[in-house]
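You will see subunit A twice below: alongside subunit B first, and alongside subunit C after that.
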Partner chain A sequence: MAWKTADIVVIGGGVQGCSSAYHLAKMGVKNIIVVEKGTICSGSSGRCGAGIRAQWGTEMNCRFGKACLERFENLEEELEMNVGLDQSGYLMVAYKDSEFDQLKENIKLQNSLGIDSRVVSKDEAYEICPGLSADDALGFTFYQRDGHADPFFTTFAFMESAKRLGVEFLKFTEVIDIKVENGAVKTVVTDKGEIDTPVVLNAAGGFFHDIAEMIDLELPVHSENHDILVTEPVELGVCPPMLMSFSGNYYLQQRPDGTIVGGCSPVGHPIEYDLRSNFSFLEHMASVFTKLLPRTRDIRVVRQWAGLYNMSLDCQPIMGEAEHVKGFYMTGAFSGHGFMFAPVTGELIAQLIVRGNTDMPIDMLHYRRFAEGKLIIEPAVV
Partner chain B sequence: MGWIKEHPVLEFSHKKKVKFVFDGKDLEGYEGEPIAAALHANGVTTYRKTKRMDRDRGFFCAIGKCSSCFMVVDGVPNVRTCVTALKEGMNVETQHGDGQVALLDERKRR
Partner chain C sequence: MAGICSEKRQYEEGDIVVCRCKEVTLKEIRKWISRGYDTFDELKRLTGVGMGPCQGRGCRDIVMKEIARMTGKTLEEIGTGTYRPPVKPVKLGMLTEANKEDPWKGKVVSH
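This part shows the complex of A and B:
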């Protein structure tokens, strides 16, 4: 006898899971259960850098980014909760000729898709980011509509709206197996009991590929530890935009409470689940802070933490239904840009599940692209 | 207010007198002693203004724990003046709110 039955079980109470559950409920699905092994937003969503941008280098991501900005701009009204949106822009910094050329290429593409990004001079960059010192930089690009939102506010807003539409959230409930019968999803086995359901949505973030393995699906995906730190608050105006560089390997930004948040990618992208703080990151990031924002030199670091980037082979998301198991849907492997895409990807995967088609094309994001060699190479990832 | 001359437990061996600036005013204190001690001796009791209510904060725990004595020292906000040693020529400012990291300075320096 099953513990519970559902029409859809969403695995993962992060921003993807909550957004997907909300959109599913909004489309009329009745019996939705979200299963989360910890608390809502306790995984990668709550640990992320929280940037939102349309400054991408592929058409697909530019379209996603632009759609996400539009969604975020209206999210507070739609969900009736503050999501902490701040559109102070993204200031991209290039240190190499080839990198600056690529950024300029990206700008051309972005402009052609209605994204009003532009190349800015050093003087203008200093005006946009008064704390910045970047004498060794070769060029900058900027888009005012980019920015950041609060990942906790956003995830909670999706959760609360989903709850109002009848979605059930099971916290501290870990999925340990998925039972398949006649090539279709039958039961989700959790440590609390079994949930019978015909449809599962895998939105497990850092553990996305572990859930996929439960239906014997091997994905070219791994998780890695990305560290981030936050300083004590100082008065606003030090670094209003998200300051980002691909070759410089950093992102930094002052949050509305005055604290400055910054992180980078680990060298060599090793597989790493250990999220304990390490000193080498602190030392490295502190030197990045003092080089870029010299006057933050003597302010204190309050804390550092880490989260999992769920990386696919081409650093692009995996969305779609499993080929051999009917009813097993996936939205994950966002490779570090899951938070910003969540309002749109949650809606698209809900459309795929309910209607079988989507408003924006996502079939190129199916995992079969790896076997077919149709990787999506995005030049603008950190 | 002034300097403590006698104390039942502690001994004071004031050494070199140095000049420093507090909110644009020239003051004097002893080198190596806490900035807060010099301010206190000069009759300064308000070290910072709180962020939301704009209330006065000053000398409180005196052991670097309470955040009450945070000031902007040489352009760095949130300096614990009760445990930071005074040096010749220091620029000590009342901190308003979270404290502004000096930005213009750096621009001129480049």
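This part shows the complex of A and C:
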């Protein structure tokens, strides 16, 4: 006897799983169960920089980014909960000619898609970010509508709305296997018992590829550790926009509570599951802070932590249904930008599951692109 | 007199600030525990409790006891929640001096 039965089981209570569950319920699906091995928002979603931007370098990501900004701007009203949206923009910093050229190319593309981003002078950059010192920078781009939201509030808001629509959330429940019968999903096996269901959505974040392996699907995906830190609160206006550089390998931003958050990619991108914080990051990131924002020298770091980036071969998400197992859907490998896309990707995957088609195209995100050699090359990723 | 007394009682039951750093009240903590956010980490993410400069030294125990009281679980069952470094806040300038490397060195044009 199964412990429970469901129409859809969502694996993972991160922002993607919660957004997907909410949109599925909103589309009329009954009997949805979200299974989370820890607590809701304990994975990457609760550890992220939570930046939101439309400054991308491919048409697909620009369209996603723009749609996400529109959703975030209306999310508080829709979900009846504050999601901490702050639109102080993203200020991109280039240190190399080739990099600045690329940023300018990106701006052209963005403008053609209705995103009013622009190149800004150093003086303007200093106005936008009063604490900034970037004498060695070659150029800057800026888009005012970019910004960030509170990752906890956003995830909890999706969860609370999903709950109101009848979705059941099981925390401290780990999926350990998936049973397939006649080429279709039959049962999700958890450490608490079995859940019979015809449909599974893999939204397991850093463990996305481990869940795929349960149906013998090997994806070109791995997880890597990214460190991040936060300072004590200081007076506002030091660094209101998200300050970001691809070649400088950093992102920094002051939150509305006055604290400054900043992180970077690990050099060499080691494959790691170890989320214990490391000291070399702290020293490196402190140097980045004091170089970019000299007046932060005397402020203190109060916390550092780490989370997983689930990376695919081309650093773009994987969305779609498994080719050999009916009812096994996936939404993951967000490669470091899965928070901002969640309001839109959650809706799109729900449409694919319920209707079999989507309002915005996502077929290019199916994992078959790797076998077909149709990788998506996005120049604007950190 | 009665007025003062009842005011005092209300203050004790509701608006006691359990986390001075982040100004989180007992009332707020109780509201979220009753809605199912019954671990320290969840309450932390939702209210900011324990995320101030004292890193929860001033509030963790009170919150843990409140979870235990409301859920009927023991403190062992609830667990402690995650402790994060640096336990004592350190100045960025001090850390910078400890770093011998140029921050731009070894920079990667990443994925």
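Quick note on the criterion: the second predicted complex is superposed on the first by the 382 of 382 C-alpha atoms of A that agree within 3 Å, B and C clash if a C-alpha of one lies under 4 Å from a C-alpha of the other, contacts with A are read in each partner's own complex, and residues count from 1 in each chain.
Going forward, a residue touches a chain if its C-beta (ideal position, glycine included) is under 8 Å from a C-beta of that chain, and two chains touch if they have at least 3 such contacts.
The shown structure was predicted, so the numbers you read here are calculated from the model rather than taken from an experiment.
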item	value
Fit or clash between subunit C and subunit B when superposed on subunit A	fit
Inter-centroid angle subunit B-subunit A-subunit C after superposition on A [Cα, multiple of 10°]	40
First, second, both or neither for A:R297, with subunit B first and subunit C second	both
Partner chain in contact with A:C41 - subunit B first, subunit C second, else both or neither	second
Which superposed partner A:A25 touches (first subunit B, second subunit C, both, neither)	neither
Touching partner for A:A286 - first (subunit B), second (subunit C), both, neither	second
Contacts of A:E232 with subunit B and subunit C, given as first, second, both or neither	both
Touched partner set for A:A342, first subunit B, second subunit C, both or neither	neither
Touching partner for A:V180 - first (subunit B), second (subunit C), both, neither	neither
Subunit B versus subunit C, judged by how many residues of subunit A each one touches	C
Touching partner for A:L165 - first (subunit B), second (subunit C), both, neither	neither
Closest Cα approach, subunit C to subunit B, once both complexes are overlaid on chain A (Å)	9
Footprint overlap on subunit A, comparing subunit B with subunit C	232, 296-300
Contact footprint of subunit C on subunit A as seen in their complex	39-42, 46, 95, 99, 136, 152-153, 156, 231-232, 246-249, 265, 267-269, 277, 282-284, 286-291, 296-305, 311, 315, 335-336, 381-382
Complex contacts: residues of subunit A adjacent to subunit B	126, 130-131, 133, 135, 232-235, 237-238, 258, 294-300
Subunit C residues within the subunit A interface of the complex	39, 41-42, 45-46, 51-53, 55, 84-86, 89-96, 98-99, 101-104, 106-111
In the complex with subunit A, residue positions of subunit B that touch it	75-79, 96-103, 105-107, 110
